[in-house]
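The first chain written gets the first letter, and so on, giving A, B and C; residue counts start at 1 in each chain.
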Amino acid sequence: MSTQTTSTRTPAKVASWTVTNTIVIIVALVPVLWLASLSFKDPSTIADGSFLPHRWTLANYRGIFQTSLFTRALVNSIGIALIATVLAVVVGSMAAYAVARLRFPGKQVLVAVTLLIAMFPAISLVSPLFNLWRQLGLFDTWPGLIIPYLTFSLPLAIYTLSAFFREIPWELERAAQVDGATPMQAFLQVIAPLAAPGMVTTAILVFIFCWTDFVFAISLTSTGASQTVPAAIAFFSGASQFQTPIGSIAAAGVVITIPIILFVFFFQRRIVAGLTSGAVKG
Amino acid sequence: MSAHPGATGVAQAPPQARPRHRPATSLSEGARAERRLGWLLCAPAVIVMLAVTAYPIGYAVWLSLQRYDLRFPAARRFVGLANYATVLTDHLWWTAFGVTVFIAVVSVAVELVLGMGLAMIMRWALVGRGAVRTAILVPYGIVTVVAAYSWQYAWTPGTGYLANFLPSGSAPLTEQWPAIFIFIIIIIIAAEIWKTTPFMALLLLAGLSLVPEELLRAAKVDGASGWQRLTQVMLPLMKPAILVALLFRTLDAFRIFDNIFILTAGANNTRSVSILGYDNLFTALNLGIGSTISVLVFVAVAIIAFVFVKGFGTAAPGQEVGRR
Amino acid sequence: MLSQAEALARQGKPHYIEIQGASYEGLTVWINAMVLSAGGRILSDDGQRVVLGAPAAKGVSVIGQLARSPAADPSLGVQMEDQNRLAFETGKAAFEINYPFVYPSAQADVPALARQMGWAEYPRVDANLPSRPPVGGIDLAVSAFSQHKEQAFDAIMCLRNKENQLRNAIKGGLPPTLASLYKDPKLIKGGYPFAAEIFDSLQRGGVRPKTPAYQSVSVALQNTLYPPSVAGPGRLGQLRSQLQDAIESKGLIP
């Protein structure tokens, strides 16, 4: 945890923090609770306008797990998002380290091109990408989604990570090398732990991007082999072609938020590990 | 878009910490090794990005130079920049552009302030830190389309809890210009802010965590008030992180799509440039015009990035400001 | 129907006329039905010319009239078929213009209200002209590039066979395409009491404009006559030029 003076933990401070936290949590979570409420509402009362369901039912949840559409999509989502996240952090770290620490020609062009790529509207890339993937046999496969996700999360990954690498003082690396460590060891044992907040932040952002992406998921998948949850939700249907199955959509929305909550809760401690004082002094 | 080196700051490796061991004229063994290593490390990222986007972007640009409507394939022909003239003289484009700019500016500005506050809470919360950090990040983790449905149902009269607060008989998502139009836009902006403030907060938190505690404590000991600590210690040190957060968030905000698509489908002139592009590309199957709109969005976004990089000096790595 | 609704409104009873007024295909369906029922048409038969004209003015003004009357649901401008169904099921409406799927849904969701549900033909615009109810549907086809043409064809024949159409009609309200089913007591007694009216409606049905640029035409219609409260003859000039651009694929579509 950050080096924080805990000596001033007065009751007044605790109280004010509790109030602040409560307000923040309420504002952040009320729409999510509304979603949960919609998912528990009996279908006939969906339009009744009240925040809490008058009639509770688990039918929506039962419904989405009845077919393999949703469960397969969950598996796909988790797998694809995790792999893409790991790859993005690894590949991004390598590039970010090079950008932040090393001198080589073409660096500025690289940064510019990276940004260029992040800027093109995804929807217009979808048709040519679909064509390309179809010809390469990547359509409806896990790599078929992982590669675009990697591509579009690398710019942010590189920017965030290089900002962190930049902040780490040279002396540490020099010191490690003087102590006989190879560059790889210096990186793994000295730099990486210090850049951990950056890596965790990047990991969270990339994971969420892959988890919630809709455009590529819809266009580059078609069966349970690789359809992720947002795409599967788009194929939910109600009793007839006209009914928006808001109950099922809400239930699915709640179910897929749970992994996010777990992922974030697990990693949030590491987001704010600041540079430990003392490593640099002297 | 050729980036001039200075602006990105990457060429300004902190010289004060680099041991100088290379001759000025020719490259030493060390420098060559460094270059090789640099290229090697960057190669995977570059290869992946170029392989995936070179063909699609090139194809989109090429399409924009043609009159190509999938419903009238016989009429396909090369027309040069005529499509651009058509789009740039159409009031639909400029209305969408104005709406997009408005939404982007307002939402990013609000998110910057809120994000800053949330970043501070995430860093220094005394009580329930894990809970509040998780809660803050949850909105960002919800599938945008699902969240948009949640808002749409909330604002529909009779169905939703938020609509209950409005005078009866009004349906905010449908009313016309001019007074209620602002209200619809505000609803869209609110949905956008709720969804993406965590993104800003996270990036700002990353910058905030690089501000040394000792500095803040020293300032407090010196008698600086909370506000002074914020404006004179934290913000200057966070400037690089703030600029990066603003840059990425603005780029995303300009391309807003999902929320508007679900809430209003772009009706009543609430369409953004991305929705206009989608309508022309996928609904009308007019590949020429649709691609033109996409390229124009890209150009607009590139200009924004250019302004940020050149004008505000956004740098990928932080600038050494006041540290040692 | 409008005057009945207004009378009910004066009595303070549920009086809305539920119809799809959101800016989407359903609005085009409504506009088209009104124009056709008034005796006019939107595009010529070959889809090359914009027709509109006086009957269109009449049809379009009815839309505006309804939207501005007390019979209009305040959410008219965002309602699609499903929202209409939901509003009707909560008992706030007196009339509903929708597809037959609302019937099995009401039976399942609100049986007490469903018992009081009646039905009639699509409302007329002109008292002397029979109405032209909207006709839509699903097309099933086999791809010429398919590697399983036989099986696909068999699948289609199965999907549209008698038992399945019967089931779709009773459970989902989907009108069958097999004419013989409409006289079948299994359908009529099984949960499709309005089979005869639907059959008549399909005979008189009005299709939407035929043109490869249909999407643009539809969007032009949705864009000019939205929200429904502004629909009126005054908008036809703008509509005419937008439709002309649409069928020539000129310029942007909104």
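Going forward, a contact is a pair of C-beta atoms (placed from the backbone, for glycine too) under 8 Å apart; a residue touches a chain by one contact, two chains touch by 3 or more.
None of the values given here were measured: they were computed from a predicted structure.
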Pair of chains ranked first by number of touching C-beta pairs:
A-B
Measuring between Cα centroids, which chain is at the maximum distance from chain A?
C
Expressed in whole Å, how far the mean CA point of chain A lies from that of chain C is 42
Approximate Å spacing (C-alpha centroids) for the pair chain A, chain B
16
Using the average of all C-alpha atoms in each chain as its centre, how far is it in Å between chain B and chain C?
41
For chain A, jot down the residues that touch at least 2 other chains.
46-48, 244
Note: chain C residues in touch with at least two other chains are 83, 86-87, 90
Multi-chain contact residues (two or more partners), chain B
157-159
Please output the residues of chain A touching chain C within their complex, sorted ascending.
43-44, 46-48, 238-244
The residues of chain B that touch chain A in their complex are 1-5, 8, 10-11, 13-14, 17-19, 31, 34-35, 37-39, 41-42, 44-46, 48-53, 55-57, 59-60, 118, 121-128, 130-147, 149-151, 153-154, 157-161, 163-164, 194, 199, 202-203, 205-207, 209-210, 212-214, 217, 240-241, 244, 248, 251, 255, 257-258, 274, 277-278, 281-282, 290-291, 294, 297-298, 301-302, 305, 309, 316-318
Given the complex with chain A, which residues does chain C contribute to the contact?
80-83, 85-87, 89-90, 99, 101, 104-105, 108-110, 171-174
Residue ranges of chain A in contact with chain B within the complex:
2-5, 9, 13-14, 17-18, 20-21, 24-25, 27-29, 31-32, 34-35, 38, 46-51, 91-92, 94-95, 97-125, 127-129, 132, 147-148, 150-151, 154-156, 158-160, 162-167, 169-171, 174, 197-198, 201, 204-205, 208, 211-212, 214, 229-230, 233-234, 244, 246, 249-250, 252-253, 256-257, 260-261, 263-265, 268-269, 271-275, 277
With touch defined as at the start, can you tell me which chain B residues reach chain C in the complex?
69, 71-72, 75, 86-87, 90, 92-93, 156-159, 168-171, 173-176, 264-268, 271, 276, 279-280, 283-286, 289, 293
